[in-house]
Amino acid sequence: MNVNTPMNTLGIVKRSIVRADKAAVEKLARFGVATIHEAMGRIGLMKSHMRPIYAGARACGTAVTVLMQPGDNWMLHVVAEQIRPGDLVVAAVTSDCTDGYFGDLLATSFAARGAKGLVIDAGVRDVKDLTAMRFPVFSKAISAKGTVKATLGSVNVPIVCAGAFVNPGDAVIADDDGVVVVPAEFAQRAADAAEAREANEGDKRTKLASGVLGLDLYKMREPLEKAGLKYVD
Amino acid sequence: MNVNTPMNTLGIVKRSIVRADKAAVEKLARFGVATIHEAMGRIGLMKSHMRPIYAGARACGTAVTVLMQPGDNWMLHVVAEQIRPGDLVVAAVTSDCTDGYFGDLLATSFAARGAKGLVIDAGVRDVKDLTAMRFPVFSKAISAKGTVKATLGSVNVPIVCAGAFVNPGDAVIADDDGVVVVPAEFAQRAADAAEAREANEGDKRTKLASGVLGLDLYKMREPLEKAGLKYVD
Amino acid sequence: MNVNTPMNTLGIVKRSIVRADKAAVEKLARFGVATIHEAMGRIGLMKSHMRPIYAGARACGTAVTVLMQPGDNWMLHVVAEQIRPGDLVVAAVTSDCTDGYFGDLLATSFAARGAKGLVIDAGVRDVKDLTAMRFPVFSKAISAKGTVKATLGSVNVPIVCAGAFVNPGDAVIADDDGVVVVPAEFAQRAADAAEAREANEGDKRTKLASGVLGLDLYKMREPLEKAGLKYVD
Amino acid sequence: MNVNTPMNTLGIVKRSIVRADKAAVEKLARFGVATIHEAMGRIGLMKSHMRPIYAGARACGTAVTVLMQPGDNWMLHVVAEQIRPGDLVVAAVTSDCTDGYFGDLLATSFAARGAKGLVIDAGVRDVKDLTAMRFPVFSKAISAKGTVKATLGSVNVPIVCAGAFVNPGDAVIADDDGVVVVPAEFAQRAADAAEAREANEGDKRTKLASGVLGLDLYKMREPLEKAGLKYVD
Amino acid sequence: MNVNTPMNTLGIVKRSIVRADKAAVEKLARFGVATIHEAMGRIGLMKSHMRPIYAGARACGTAVTVLMQPGDNWMLHVVAEQIRPGDLVVAAVTSDCTDGYFGDLLATSFAARGAKGLVIDAGVRDVKDLTAMRFPVFSKAISAKGTVKATLGSVNVPIVCAGAFVNPGDAVIADDDGVVVVPAEFAQRAADAAEAREANEGDKRTKLASGVLGLDLYKMREPLEKAGLKYVD
Amino acid sequence: MNVNTPMNTLGIVKRSIVRADKAAVEKLARFGVATIHEAMGRIGLMKSHMRPIYAGARACGTAVTVLMQPGDNWMLHVVAEQIRPGDLVVAAVTSDCTDGYFGDLLATSFAARGAKGLVIDAGVRDVKDLTAMRFPVFSKAISAKGTVKATLGSVNVPIVCAGAFVNPGDAVIADDDGVVVVPAEFAQRAADAAEAREANEGDKRTKLASGVLGLDLYKMREPLEKAGLKYVD
């Protein structure tokens, strides 16, 4: 460790980040969060309080991250400049806060920079306008409460957002089922695994629709009996 | 008590249950949860955290019950075999869990068996697909988080689901207002009482719409005065 | 203080209240909650658990207030008589309760009296009917659980509703972003301030849409540097 | 079913109940809640929001049950008369409520009747006095908020309390770890099973204290390897 | 209304406030929160999430109020100067926040100014030191998370704290059961009413301890029967 | 990236980890969590729901980490073998769970291995015994609910615990104010910074105790005036 390495990562904007492979991210965009989460081995999911602001919202992009103070959205203006087309902004706060950090003006700016959406473990507002714009936002809360611009946070540092660890450049996929983080280095493998998993599901769906039981399809009767399951009348 | 009666009801599947009368359940299906709950004497309602996964979801059926472990949906495959047309699966977990126990594959299987829907005091996923299928689900959470298949629970034992006691075979009705449980033996009387109550409401609605006050319609002025209500300017 | 002034404000209905200026309230109705809240200096917002029962619900009116006991909606019938066209009922409970205090019959009565909607820090039911009526309701919960009519509360006394202080006659505006209270005496100034604020936003939106950054539009680069923000690669 | 069986169980006081065997309950009183819960097969535990009002509180008795309305403690006076020495009052509310249903006067009365304590899924008050009396209370909340006496509930009907099903007469044990319900018919077997379990623990404790690993004591190495556990450096 | 009256009350320190009568506050200090709350007619109680940081904490004083921003405790330094001996600081935040706004240094300063304690609807830290100092604090949370000093709030304006409305100068009493606010003008009458209530309780306690039932002491048997209560065997 | 790097980190036990410098950790043990958190630049704090199971509990050690499934504590037996004297076990679950993962037997085993305590974002039980042992535990909940041993997690992989990122080997300090994580590489600098901060506090405390105001001690009057603070009478 260099003695000059900052112990405190607040007050920093990292400009150059390694983004997940573009083609891999585009491939990930074809799959649902549940499928990708399974394909990843059930790692990287945010907590279930993260909800879309409108039904059917969906986003996939490379993370530019931002860490903010409670009640202070100053860094959302700073992060805007770091957005490249295809990025998704992932925002966390240093302690729990439901204030409305983000509204239609910032959404206009983010969209102009090519952002794919916003994932924020805090509140947002102007949801009617955001919905009309079809700008996908996943948040913890909806609140008209505004924020100040007074204290520094950081941009493009590793963050914990809604219980998930996010590195700048990671692929992040969000839909009605939640938000999942795919480390940049695994984007291609996760996309391939999701594809394989989905291919496999079509056949299962057909069989189940025809009345075949999961008990038989997945050969569960024997392990259930071994575990001691008793049928009684 | 027979000394061999199991103290522990985990690991059991009861195959033969007494279902509420079919005609009574069909009659109950015509009424809203609030009406039935009132007609029942305000008994049997689940807690208000049970919400439909899409607006307008609605279900009514006879309960097949399932008790599961946190993070483990193995018994949902076991319960599928016990579903008969007209049944509604009612699922509880031995401790609070928001994991996604149920998705589009299980829904396909349940639907193929004739299930009317699912009431689950836990999380579900694939909500976009479930909505497209119009398979009604009432749950505590939405989460992409998958579950394992490792530990036994039970099927068709009495359970507590979201604060309500449910016996297999009970009639269960769910809509935008919540979920109510009608003991099988009272299904007909509850349906009749709901019908009487609803008949009574049409007249009240007309009077209230014409400007008559509830104070007068329900003759509340005297009891309010007796209770000590004071009007001041 | 007169020794006869009641220490306890329960059991009182105040009939004559000073309502916010009608034209000012009509002007306020043109603006969103977030805009008005900002224009007010970020004062008067209810907590973010207050949500519309259907997407797009929106209401603006002068408050008639009602304070109730847990599980008891008797005073909603009392308040109905005090509603004048243009009023919005604002209801609080003396302790946290999610019971369904309000349904389609009361909505019919309130609408017949000219009410603009209901803001209630408790639960409501019959949401399908309320939605069909387009009667805007903002509440903490949805619950089929009925309430009794046994204990007095008060009408048109000052109340705390969802963390905000409300005097009868205040202007209250509610939309997808939340609920804000404007003291009657400030209704005109708040409406004017909201108008000025909104006029100002159009120009900002155009610039942000063209790619201008908030960093430059709001001249944030210098204060950020002064605060110590560091850019690294 | 008799057509006269009440569908609604509100407004009833059952005087004669079958209490769990006295000797069995006394034996249960020797064991902790965690031990009994394990011995029962992990059934019958209340939710973890039930906490003692003072550290070290502990109670064991036969349940007299009471169901109340939100904000209304009338039935606590009714239940007092049904208490016999060795009973424990178990109280539930028809919807979530944190009001202070119980204080030092009721505790004085319950204690005079021979009650072993109170388990209540609501709030209590006068905790300083209750602590001084060493009257064990397990509750969801502490609140000075008083309640009214206006609406009927029931005494000695089956209830759901904090997620657990309780029949009058069941053995209920509460300590720092939570509250567990043992059906009356299983009291003796549960006590015996708890005794066996505890006997078994002393030896394990000695081995673990000497440095033996649970991995070896419980022979977990092979099943872990089979499950796929990998050790890396 | 004067056109210059500020619509926004942020950024203001009111130096001269009317404090509740000193003797009345001293008399109130002799009674518990539950007793005073009852004596007041069940008005003015804060929500039950307000808890003492150590068992047995107790405080009574005249409120100096402070309104702060999330994550920002600047105004606690401003309020310190306004404290007079016998005051109690009552602090609210403009949106929910659990950060540690207050610790041992501020407590040292407050104590030096003669403060009786702190009631804060947010978090505090250094609880070991605060406990050692026996400086009574009632808060929503305990958190080591520090706060910034960047944005103005107000001192000695009316606030809503934990759901209760507080005017500067009001009497505030806090103990294990919660926190109650007595408007300054009613301090004497509330103290007298509390005294009367408590006098009355001693006799009741004796009777209940001797085995007299509340049913008889409060003459409840007749109203219960009228309400329809049925005794069954 | 090596194509063989595991995408999924479940099912792994890392045996060799780099622990924070022993002397640095010992020095950190002298300071409170609030002080260290400040000294670190307000980074690394767990959420405030993490509470000690007994007042005054305190622990400091090097993290051995464990990731588990909901309702499954198998890996706590696996982690025991990896504990070295001076370590603190830090445990997270893949989704929210309050089950009792840990009790007196595991505590006996951990203590025999030299563990300094346990930090777990889940529930624990046997709190009376743990308190008697003075084995410091910081948890989200207390619950008698047992767990199964059926599904793999991991040991000594990076985890997110209660919102904080923890690498195996990091220094973790826990006391009444919460739990803070110090990256291993910064342990010495954090200890030094904490020492400097604390040295600085003694002088401040003396001044504040003598009645000097923070307004003057911290020279806040000018910045407050600049920010627009107004004093009125």
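The chains carry the letters A, B, C, D, E and F, assigned in the order they are written, with residues numbered from 1 in each.
The criterion applied here is as follows: a residue touches a chain if its C-beta (ideal position, glycine included) is under 8 Å from a C-beta of that chain, and two chains touch if they have at least 3 such contacts.
In this text the structure is predicted, and so the values were computed from the model without any measurement.
**Student:** Counting one step per pair of touching chains, how far is chain D from chain A at the shortest?
**Tutor:** Step count on the best path from chain A to chain D: 2.
**Student:** Starting at chain C, what is the smallest number of hops through touching chains needed to reach chain F?
**Tutor:** Step count on the best path from chain C to chain F: 2.
**Student:** Keeping to the contact definition above, tell me which chains border both chain B and chain F.
**Tutor:** Per touch definition, common to chain B and chain F: A, D.
**Student:** Among C-D, C-E or B-C, whose interface repeats B-F's (more than half the contact pairs identical)?
**Tutor:** Over half of the B-F contact pairs recur in C-D.
**Student:** Have a look at where chain B meets chain C and say same if over half of the interface residue numbers show up on both copies, different if under half do.
**Tutor:** The interface of chain B with chain C is built from mostly unshared positions.
**Student:** Using mean C-alpha positions as chain centres, tell me how far chain A is from chain E in Å, no decimals.
**Tutor:** Here the centre of chain E sits 42 Å away from the centre of chain A.
**Student:** Can you check how far apart chain A and chain C are, centre to centre, with Cα atoms defining each centre and the answer in Å?
**Tutor:** 32
**Student:** Can you pull out the residues of chain F that are in contact with at least two other chains?
**Tutor:** 42, 48, 94, 96, 98, 143, 145, 151
**Student:** Mind giving me all the chain pairs that touch?
**Tutor:** Final set of chain pairs in contact is A-B, A-C, A-E, A-F, B-C, B-D, B-F, C-D, C-E, D-E, D-F, E-F.
**Student:** Using the touch definition from the top, list the residues of chain D that touch chain F in their complex.
**Tutor:** Residues 32-34, 37-38, 42, 45, 48, 51, 55-56, 175-178, 180, 201, 204-205, 208-211, 213-215, 218, 220, 224, 227-233.
**Student:** In the complex formed with chain D, which residues of chain F make contact?
**Tutor:** 11-16, 54, 74, 77-78, 80-81, 98, 100, 103-106, 108-109, 111-113, 123, 125-128, 141-146, 149, 151-152
**Student:** Can you name the residues of chain F that touch chain A in the complex?
**Tutor:** Going by the criterion above, the answer is residues 1, 5, 7-10, 40-43, 47-48, 94, 96, 158, 160, 163-165, 183, 185-186, 189-190, 193.
**Student:** Show which residues of chain F lie in contact with chain B when the two form their complex.
**Tutor:** Going through chain F, the ones touching chain B are 69-72, 94-99, 143, 145, 148, 150-151.
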